[in-house]
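Across the two complexes that follow, chain A remains constant while its partner is chain B and subsequently chain C.
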Partner chain A sequence: MKRSSSLAQTLGPLIGLILIFALFAVAGPASFSSLNNLETIARQTAIVGTAALGMTLIIIAGGIDLSVGSMIALVTVITAALLQAGLPPIVAALGGIATGLLCGFLNGYLVTRLKVVPFIVTLGTLLVVRGAAKGFAHEQKIDAPLTWLKELLAALPQGEGWRIVPWGVWLAIALAFLVAGVLLYTRLGRHIIAIGSNEQTARLCGVPVDRVKVIVYSLGGAFAGVAGILQFSRLTVGDPTVASGVELDVIAAVVIGGGSLNGGEGSIAGTIVGALIMTVIRSGCAQMGLPNWVQEMVTGVIIVIAVALDRWRQRRKASGAA
Partner chain B sequence: MTQATPAPRFAMRGIRKSFGATAALQGVDLAVAPGEVHALIGENGAGKSTLMKVLAGAIRPDAGEMLLDGQPFAPATTQAAREAGVAMIYQELSLAPHLPVEDNIMLGMEPIRFGLRDRTAIRDRAHEALAMLGYGSLEPRTRVGDLPIATRQVVEIARALAVGCKILVLDEPTSSLTLADIDHLFGVLDTLRSKGHAIVYISHFLEEVKRIADKFTVLRDGQTAGSGAIAEHSIEEIVNLMIGRKLEQLYPRSTRTPGEVMIHAVGIGAAPKPVNATFDLRRGEVLGLAGLVGAGRTELLRTLFGLDPVASGEITVRVHSGWATPRDRWQQGAGMVSEDRATEGLAGSLSIASNITMNLSHDASPLGIVHPRHIETVAREWIDRLGIRTRGPDQEVRTLSGGNQQKVAIARLLHEKVDILLLDEPTRGIDVASKSQIYELIDRLAAGDPEHDIQPRAILLVSSYLPELLGVCDRIAVMHRGTLGPARPASAWTEHTLLLAATGQGTPA
Partner chain C sequence: MKFRLVVPFILLTVVMMAGCGKREGSATSGKLTIAVVPKGTTHEFWRSIHAGAVKAGREMNVEIIWKGPMREDDREQQISVMEDFISRGVSGIVLAPLDDIALRGPVANARAAGIPVVIIDSDLKSDDYVSFAATDNYLGGKMGAQELIRLLHGKGRVIMLRVMEGGASTTNRERGFLETIAEAPGITVVSSNQYGGPTVESAYRMSENVLAPLTDKSGALTIDGIFTPNESTTFGMLRALQDGGHAGKITFVGFDASPKLVEALRSGQLNAFVVQNPMSMGYIGVKTVISHLRGEKVEKRIDTGVTLVTPENINRPDMKDLIEPDLTRWLE
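Right after this comes the complex of A and B.
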């Protein structure tokens, strides 16, 4: 029952994705459904999708993280600086991810210690982290030597078609499976859902609520770190002003995918579908030559429709069960 | 004005309603005259709330008709029913705690003058409604959140009066009230009765029903099992109608042999309650905690279990003394059932399986890997053993009846194999049949089973229902304003002496 209902939960957004894609495939230029464009969609989804993995955990646990965009910017800056200092790319990347993890840990620590709602705490860290990134970079872009990091999200070079998508996308896919597994098959995953569903019950049951929350926000930061590395790969420089407002895309992906801001609900599959829906709209509108403001309006409408449909489905389920 | 043979204020005839394959109501009749308090009785799931939802316009019946003052009545929405004069007072009050009393009473129908809220008129009309209930002295500007729960209920009833209700439905109105508050509420109901309102009173407390109601209707499995004048039927007869069979021994009691001390508490204090609690809880006994609502019994349990901080005194659970988190307590072999199933006891949106295994202390591999199928198997086992009525382990807990929810909460403790059970009002708001099953279970746990090598457990039971305490416990201690009196054998207490001690009027001789 639960498994079929979580399937149904993802099925709705998936049907939506297919419909939207079909719409653009029919109405848009032939290039829209070309393999090349599919690869581009996958590449464009990778950054938001990766950050949304952590956000899914946070939202399922009943929290929110508004500082994701700022973390991504700080991570690009730190990574670029480490590369500039002559460190090998892998060390620079891990340093960037560790930066994200630390920011996430800070969020979790403040949320659990100060007992301030996560919306406010992360609204604060949104500004603090963005400011730190700008200060660290002296309000300039940080140039970095070109390394294999830039290949992560670059379009596939000729003769490497066997990879289908660049390594960065594969990384995002692997992480998605990993997080889905954590949610479904581990004690941590169960505890995350329990806390989001009813924090008091979780506490009564001996779930270490604060510890789990700190872990969840730290993971959220780490995934924002990975997203930051992917962002850096796109930019090839450290940019303290990048990814401004990305947190809203990330939250939208989770919510379109069936995540509830009241906690307890959400799925990785749904989130990925949600992230894809937004990229497809963006890509489709761009290819049809529609201006930016049309994309924005369409995306906004889709968010509200997706959540309204989800609530309607739940109400129907609830009244059927009464 | 009551006539000699009053025409019913409202009548429901042959009401039928099905949800999918489940027939919730199978032709129910209910008629209530003006100035009559009509008790609607039945186990959870018998169809009481569905019937009342039909009356309130929240559900449309599949068949049957309704009359209001002789006119056909078929509300399409709850708003239509409310305008026709049907008011529902639910167990969970629906007031805005941040608004003052007057605004709550007049919410949604504020008189307007010159385009602004007419404050004077609001206050006058709110005051008028309160005065009608004998609460004219209540300051209408008080914030509802600052009022005690019993007074909030009065505010809610006053709101119904201000709307001009003719029919008042009260769903379990006394479950969170003290005895004195119940007397006040009954005074209010008497006033309403004399003013010709028709009142439907839903309650599990048959003693109360006996006191306040004129007539009753018993529902069982969506059908009318019986009805009549309350004065002509004994409580036993009504219980038999509810469960459809004779209730032999409600409180079984096997031979229990007290063993070693499991909880040793000396002078426990926490802010603001309890003040001072000293007791020993032994393996193989049920220790009851009596007292009025708000005396500090729940707080004592919470402090023992590490949910609230200890301010003074010493707690030793088995060999472990000192400060502990709920997680530590579980590891020490203790478990707690919360008095509040909805907000603390259970995660309503999660499945039975997730709720039973929420601790996951021994369901996960060392790496923290859990298999969903394992959890399902665990849940199935407990569904069988405790007779939880459900579609399956994946059913959401909030869709279960109260009795079945409580079994899930207790299953969590049993699954963790706890030796110490802290039970806070474990039978509140559940039907008689489930109650009797829980009493049986408590008895089995306290007695243990030497043949199957099952150790007796230690049980600390908080209850406000005195017959239950006297029937289930070996020893009972009474808490009064945060201070716990000495524990005495249950046989040394009577309902009368327990009540005296609970109200602080001396200890029994």
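Right after this comes the complex of A and C.
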């Protein structure tokens, strides 16, 4: 049932995305719908989108992770430090991702062992990881030598148009397909949905709840790690203060895309659409020269509307079935 | 059905856009469009820059678009704002970079797209910009230190509250202050490693934390002087001093002006502050980018000046223009 409804689940947010895009295309300057700007939108969505892949799994499993923004900051710092130490870029990047994975594992471990709700645990690690990033960087940004890592999310240079978008965006797209595959076609995916739908039942049916949760949070951390690498690519420095508050964008992307904070609901496609919606609003407002406060209000209104629509649709479906 | 919910929302969005769109409408009638990108939008300092930019815009008949990062002091968000202006294709950009390295990419992209960039306020380690117009921040910190040494007659215990990790302009002020104060043998710096953060609120909290261990049993402060290197730390520290009943009893030199700080200087709660000339920075930034667009030669480095304001000179007319400029004339 889940599988057949996942397409329909994505349809609502997708219509929203198209409507919002059309609105700006009509009301905004011509440059808004230019290819150039579409590439910019894709690049600007990659970071939140990648982090949101892991968050989708966590939220479907009935959890939450408030520490992703801090993880992204820590990853940029670690990556910059590794590069500065003279390690090759690929090692620095893997080191960064491993850092994210480790932070995620810590979240999962604490959630399952301490029996404290994830909201509180990750609220704690939000501060711990942010503090660690600042401490590790000696409360400064870390400059790193320029390497190919910066090309991951850089604007496409002349004559490389065949790539359509930079490698970092392709990486995010590939990861999205991978996670969607895991969610739909593997035992781990079914376990995640089962835990989020009803943890007690899942436990009684023999789902190794704690182990799955630790895996899910670790994956969430790893995706935050990849997002951190992408963030580093844009900044070219390790910045312990970056991405503060990004966890809210990431959670909003999942929720706009049909994810339920009660668990059991959500889809990767929806999440990506959710992340795109927020970038499109941002880009559209910027192109029209609207001040920041308008953009903040519009985004807020859209989050509430999107979720309200979704709940309304579900209620209707439930009453129709009864 | 679904549309019944969607329609009012779209209407709402359109109304909001229309309401604000008038003030800063999109590209019109072949006028030059200059985007001004500050580090944030809520500080008094950036309002002055905005006013200066608008003043230059009106004098030279160009359209000014003012847009800062969504989250104050967020490097990533400032990069996004730059990208948006590049893909929109504005005529020129005036940028106050949040980071001397991270903003290099967008500035290089702007240049590649044929959009000249003038840097204001903080330096950028790049050759891709047209000109750099800013305060000599090191000198500003040095002037603050010299005034504090003078007021304390060369001896005492002082503290300095830093602003943010990695901000080039405030780091230079902090360096100017510390290197100058180190030359006064009678003065010890008790604390100089705490950061006030991006807002008045965070600076206020940090000030309380810094002052708490420096208070003796009777509740009096065990230090003699304070230096704060920007508006938010100065105001945050002032609030903490007022709450503790220390305001006016301790020698306090700040940086940047706002109406509240001018009031504090007049009432003796603040002994002096160093001011930059943000309005002229915004004005010169826009003017320089337009001169460049018109094919005139521009200076690579332009100094926009620093001044020490004290109770003795605050009532001079030239000071009034510096510390209490009439912003409403330019910002509606």
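Some notes on this structure:
Here, the second predicted complex is superposed on the first by the 318 of 322 C-alpha atoms of A that agree within 3 Å, B and C clash if a C-alpha of one lies under 4 Å from a C-alpha of the other, contacts with A are read in each partner's own complex, and residues count from 1 in each chain.
Everything that follows uses one rule, which is that contacts are C-beta pairs under 8 Å (C-beta built on N, C-alpha and C of every residue); 3 or more make two chains touch, one makes a residue touch a chain.
The structure presented is a predicted model; accordingly, all values stated were derived computationally and were not measured.
Superposition of the two structures on chain A shows chain C fitting alongside chain B with no clash. Of the two partner chains, chain C is the only one that A:T236 touches; chain B does not reach it. By the touch criterion defined above, A:L204 lies against chain B but remains apart from chain C after alignment on the C-alpha atoms of chain A. Seen from the Cα centre of chain A, chain B and chain C lie 130° apart once the structures are superposed, a value rounded to the nearest 10.
In the superposed model, A:L188 makes contact with chain B only, not with chain C. After overlaying the two complexes on the shared chain, residue contacts for A:G264 are found with chain B alone; chain C is out of touch. Set against each other, chain B and chain C differ in how many residues of chain A they touch, and the higher count belongs to C. Contact with chain C, but none with chain B, is seen for A:E139 once the two complexes are overlaid on the shared chain. Superposed on chain A, the gap between chain B and chain C at their nearest CA atoms measures out to 18 angstrom in whole units. Contact residues of chain A toward chain C in the complex are 12, 16, 19, 23, 27-29, 31-32, 34, 36-37, 40, 43-44, 47, 134, 137, 139-141, 143, 150, 154-155, 158, 231, 234-237, 239-245, 282-283, 286-292, 294-298, 301-302, 305, 308-309, 312-313. For chain C in complex with chain A, the touching residues are 2, 5-6, 9-10, 12-14, 16-17, 20-21, 23-27, 41, 65-68, 70-71, 73-76, 79-81, 83-89, 99, 101-102, 104-105, 109, 112, 164-166, 195. Those residues of chain B that touch chain A in the complex are listed here as 19-20, 305, 307, 325-331, 336, 338, 343-351, 353-355, 357-361, 363-364, 367-372, 391-392, 394-396, 399, 412. Here chain A touches chain B in the complex through residues 1-3, 5, 184-191, 193-194, 197-198, 200-208, 264-265, 318, 320-322, going by the rule given at the top.
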